[in-house]
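Take a look at the structures below.
One chain, subunit A, appears in both complexes that follow, with subunit B as partner in the first and subunit C in the second.
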Partner chain A sequence: MLVAWAIFKKELRVYFVSPLAYVFLGVFLLLAGLFFYLGVTMTGEASLRVMLGNLSVSLLFLLPLLTMRHFADERRSGTYELMMTAPVPLWSLLLGKWAACLALCVVLLLGTALFPAILAYYGDPDWGIMATSYVGLFLVCAAFVAAGLFSSSLTDEPVAAGLIGVVILLPFWVAGTAAELVETDWLRTVFRHVSFLAQIEPFSRGVIDSGAVAWFVLFTFGFLFLTWRSVESRRWR
Partner chain B sequence: MISAQQLTKRFGSLTAVESVEFQVGRGEILGFIGPNGAGKTTTMRMLTGFLPATEGRAVVAGHDVFDEPMQVRRKVGYLPETPPLYRELTIGAYLRFVSEIRGIPRGDRVRRIGQVMDEVGLAGWEDRILGSLSKGYRQRVGLAQAIIHDPPVLILDEPTSGLDPAQVAGMRDFVRRLAESRTVILSTHILPEVERLCSRVVIISKGRIVADDSLDGLRRHAGGGVRYRIELRDSDLLAIPALVGALAQVDQVIPGPADDGFAVLDVKAPDDPRTAIARLATQKGWMIRAMERHIPSLEEAFLAIVGAER
Partner chain C sequence: MKQQLRRRLAYGSNATLVTVMVVLVLVLLYVMADSHRVRWDFSADASNTLQADTESKLSVLDQDGQQVTITAFTHQRGKDDTYFRDRAVRDLLVEIDMASSSVSYRIVDFDKERLTAERLGVTDYGRIVVQRGKDRVDIKDRDLFRRTGKRADHKLNFMGEAALSRAFAQILAPTRRVAYVLQGHGEPAPSDRGPSGLSDLVSALDIERYDVEPLDLLRTDRDGAAPTVPGDATLVIVAGLHGPLAPQEEDVLLGYLGRGGPMLLALDAGAPTPVFLPRLGVRMPDGLAMDKVLIFPYKDRPVPVYKRHPITIALRESKQVTVLVAPAPLRISDPLPVGTRVDPVMVGGRDSWIERGGETDGGTPIYQADIDGEGPTTLAVAVQLLPTGDIVRSSKPTARVLVIGDSEWLTNSLLLEGPGNKDLLINTIHWLAGDDARLGATVGRRTAQRRLALTKKETGRLRAISLFLMPGLVALLGLITWNSRRGR
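Now for the complex of A and B:
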């Protein structure tokens, strides 16, 4: 656990001493601001519904860029050899990296706290819905970061890892649209269960759906497990 | 302390290392040498547990590398060919991180990091960013990283590559000091370094061990062994080789072309035959111009062994 904590701190430090975290924060807040403005002017609601929905889709494209360097860079710079010859259990390496990315996501989400503040000043937002919406976004981040780490473990090329990450996540977005289009009932149900947008929908209504929470937890652990297998199996090649 | 037993590594159809076998005792500095691509790095990576061996096993500090990887990792300090540095971090932050994952107790970290930085010549450099360091300083940080947990076994993969001559000398002194209380394997293709540092040498070529000997043994056996160059003059030059060859102390005499009226002999003998030859020359009334002993350098021995393999 101490080792995972050390890795967590190191990864966060690497993010914040390089321009990466700040560029990310900037891009993310710019998008959030845009979605917030559009949402409020279009619906006239004192809510973050539109902004949060769109942000979660943006995360699908942004988070793989955040995670892509993890294993790819370690292998290219040779630090992977340090990780694999120091007494670092693989799970603490994964946990440390995952938690560090997620912590950066929390910083991003905290950055959007300005918008609820604006809503509170000019209107009367529903704080319960606001809170559950953020819980939903947090779960989306946790899940996407895990998938991003997995894609990073597949290749030594960071850009390729980023692209693979997006490709892995795309079906979970497209499934939502597919659910609208298909005629067959059972297929629609399947698509709806695969779609992450359908899963966060209850959160934007103020509901913490245990099924949806389970979906995200399973998604996250599933990809962390795959990452573990992938890192382990690459040692043998 | 280190024992490689029939270590073999295959990458697909390519056999990088085949049935490598050697032992390194406590307090020994083993020079692990060979041409580029001979399998040095692969072997070292198997000893550290970074690469699993296809066949065979390795035991380091009493633990099987495959069965007890964590125990081995705790006892080995490893400097890979490229120092494993995070470019974005400062030297201080990096060494703190390494000391944390190496499990150095919180209370000892600051003292230990300071001590190690002094030892490798980085005192006062805490705040330098790793990505901005020159090759020599990166190598020093790499070394600091390898010794921070005071490991009984050190595995150094080309610790002096890319260093300038002054830095090479510094690194050599440093490795020698380290080895006083540790077991060291050092890979390199700079032979004079091995001659000054190592007591024993393992030569690997094309993935196989082709020599495992002490420095003296290697010189004596390879490259034609110790030879003597004798230059003598007499009225009858042609009779000299046969007379010298008849001495009991002499194994073999190869006459060279006469030089300036002197017979030049290349003499092979198990023990120094020069007093015997001098005595003979005095008896016969020959003139002596030169009696030189030639001990092959490690380089000659190395080229003889590796060359013979090719």
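Now for the complex of A and C:
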């Protein structure tokens, strides 16, 4: 666990001493601000619902760009072999990298904390819904970061890893639209269960749904496991 | 080389197998978690938690097994509150869909899917159509939302759960009933769409699956048969008598009560009352029920206080005011006739009295002990005529009667205007008909819109903060970091 903690700190430091985190945070806040402004002015409601819905879709494109360099860049710069030959359990390496990305996501989400404050100043927002919405966004981040790490483990090219990450996550977004279009009941049900938008929907209404929480946790665990298999396979390939 | 390939193959197949197994286990775990979902509602007004009444109706529908389809049409785009309206309906339908295996829903864009609207005969925005087999209940937008206040300060409340709950109840009891409205004494007519008519009452009862028919007890039919209350009558409404009932009419109505028939008696101050009224344990003294607390700006509309009764449970909870115009005071007889039970439903406030003329203060009547009658006044009473009494025959069920000292609250001018008037009517009808299980569903929990009314200046400030200030600050921080790193 200590190794995971050390890797977590190292990865986080790398983020914040380079302009990457700031560029990322700036773009994220610009998008969040845009969705917040449009949401409030278009609906006339003291609610973050429009912003959170759109933001979760934006994360689908943004987070693979954040995670793309993790394994791909290490391989390109030659530190990968060093990392693999060090007496470090693979799972702690993975956990450290994943937790560091997630910590950056928490910083991103904290950056949007001004929006609820603005709503509270001008109106009377529902704090329960606000809190569960952020819980939902956190789970989305955890899941997408895991998928992004997996895509990063597949290739040596960071840009390709980012694109693969988006391609991996796209079906989970498109499934929501597909569910609305198909006529067959069982297919609609399958699409609804696959869609991350359908899973995050209860959170945006103030509901913590154990099924949705399980979906995100299992999704995260599944992609972390796939990443582990992918990185581990380099040893015998 | 061959050995290396064999080793890769062994490792690869093992890795693939384990991966597939793990993915399958994860899917299985999700299926299990999904089938045992637990939900915690953290919204301020628990707006995502269905009421016990709705859940019980859904479970009855599930047991029945027949598929129920809800088609919800969207609201008009570009209109104020459209987002809230559509979202509130969608959220409720999602909850209902999750709570029931037999109810499915579809949200239809009224502007884009005109064919669906035409097929269902829907011509207005925001309508919800509930269908089960051949049975169908339509819920209009005005029954889903209630708007209070004006312009920028207005508030919108969503009452969709109560409306849908009622629709489920109607679908569970698909046969239509008939309410007869007595005519021939200057009463308001069901077909009259004017302010003094009852067409809104007919519409309100139509949703409850009641047909409203006029009842004429003065004329014989073409075959010369004596007039009577038809056998299919679920209830009789006697509202706004301007002339006395003929003796034969009194007999017919008493006979109807004797068979356990329910009746709504809406009487007016100064107007004739049925002769059988004292036999119900109720009297109507002269004068007007008056109160110091009035509905502004009127001088003749006291604010009624709800007493504990099945009719008023939901009205008390939702704090909805019923508007009565110059109501007549009622008195409960003491002692009551044998086999009669009378419960007050609405009374005047503690400062109410029976106004019988005299001085006024700027047009507002004041209490004068020597002329006026003492309060507090009684405005509506629920009467139960037991088979042990002298009206209802021993083999018949208890007859229920609601006596209220005003008929104007039922008319088009007030039924939809008075906040609690329509709900009082619906609850009264359900109670009279013995549908006690449907009483709680008329007024359900409301989901209030959390409006954010911003001025132009505030909107500009919001734009500056959200679009420029925050991303700009982060960009500045990034530049400082980059610059300091470059200097090292």
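The criterion applied here is as follows: the second predicted complex is superposed on the first by the 237 of 237 C-alpha atoms of A that agree within 3 Å, B and C clash if a C-alpha of one lies under 4 Å from a C-alpha of the other, contacts with A are read in each partner's own complex, and residues count from 1 in each chain.
One rule holds for everything that comes next: contacts are C-beta pairs under 8 Å (C-beta built on N, C-alpha and C of every residue); 3 or more make two chains touch, one makes a residue touch a chain.
This is a predicted model, so every value here is computed, not measured.
Once subunit A is used to superpose the two complexes, subunit B occupies space next to subunit C without a clash. In the superposition on chain A, A:Lys10 contacts subunit B only, with no contact to subunit C.
Judged by the touch definition given at the top, the superposed model places A:Ala147 against neither subunit B nor subunit C. Residue by residue along subunit A, subunit B and subunit C are tallied for touches, and C comes out ahead. Of the two partner chains, subunit B is the only one touched by A:Leu2; subunit C is not.
Contacts of A:Val88 after superposition: subunit B is touched, whereas subunit C is not reached.
Touch criterion met: A:Asp209 reaches subunit C, while subunit B stays clear of it. Look at A:Trp236: by the touch rule set out above, it reaches both subunit B and subunit C. Seen from the Cα centre of subunit A, subunit B and subunit C lie 170° apart once the structures are superposed, a value rounded to the nearest 10. Once the two complexes are laid over each other on the shared chain, residue contacts for A:Gly78 go to subunit B alone; subunit C is not touched.
Closest CA pair between subunit B and subunit C after superposition: 5 Å apart. Across the two superposed structures, the residue set of subunit A contacted by subunit B and also by subunit C is 17-18, 236-237.
Partner subunit C is touched in their complex by these residues of subunit A: 16-19, 21-23, 25-27, 29-30, 32-34, 36-37, 40-47, 49, 111, 114-115, 118-119, 122-129, 131-132, 193, 201-202, 205-211, 214-215, 218, 221-222, 225-226, 229, 232-233, 236-237.
Those residues of subunit A that touch subunit B in the complex are listed here as 2-3, 5-7, 9-10, 13-14, 17-18, 77-89, 235-237. The touching residues of subunit B, when paired with subunit A in their complex, are 11, 45, 48-52, 70, 73-74, 76, 78, 80-89, 93, 97-98, 100-103, 145. Taken in their complex, subunit C has these residues touching subunit A: 7-8, 11-12, 15, 18-19, 22-23, 26, 29-30, 33-34, 36-44, 47-48, 80-81, 83-84, 87, 91, 94, 449-454, 458-459, 462-463, 465-467, 470-471, 474-475, 477-479, 481-482, 485.
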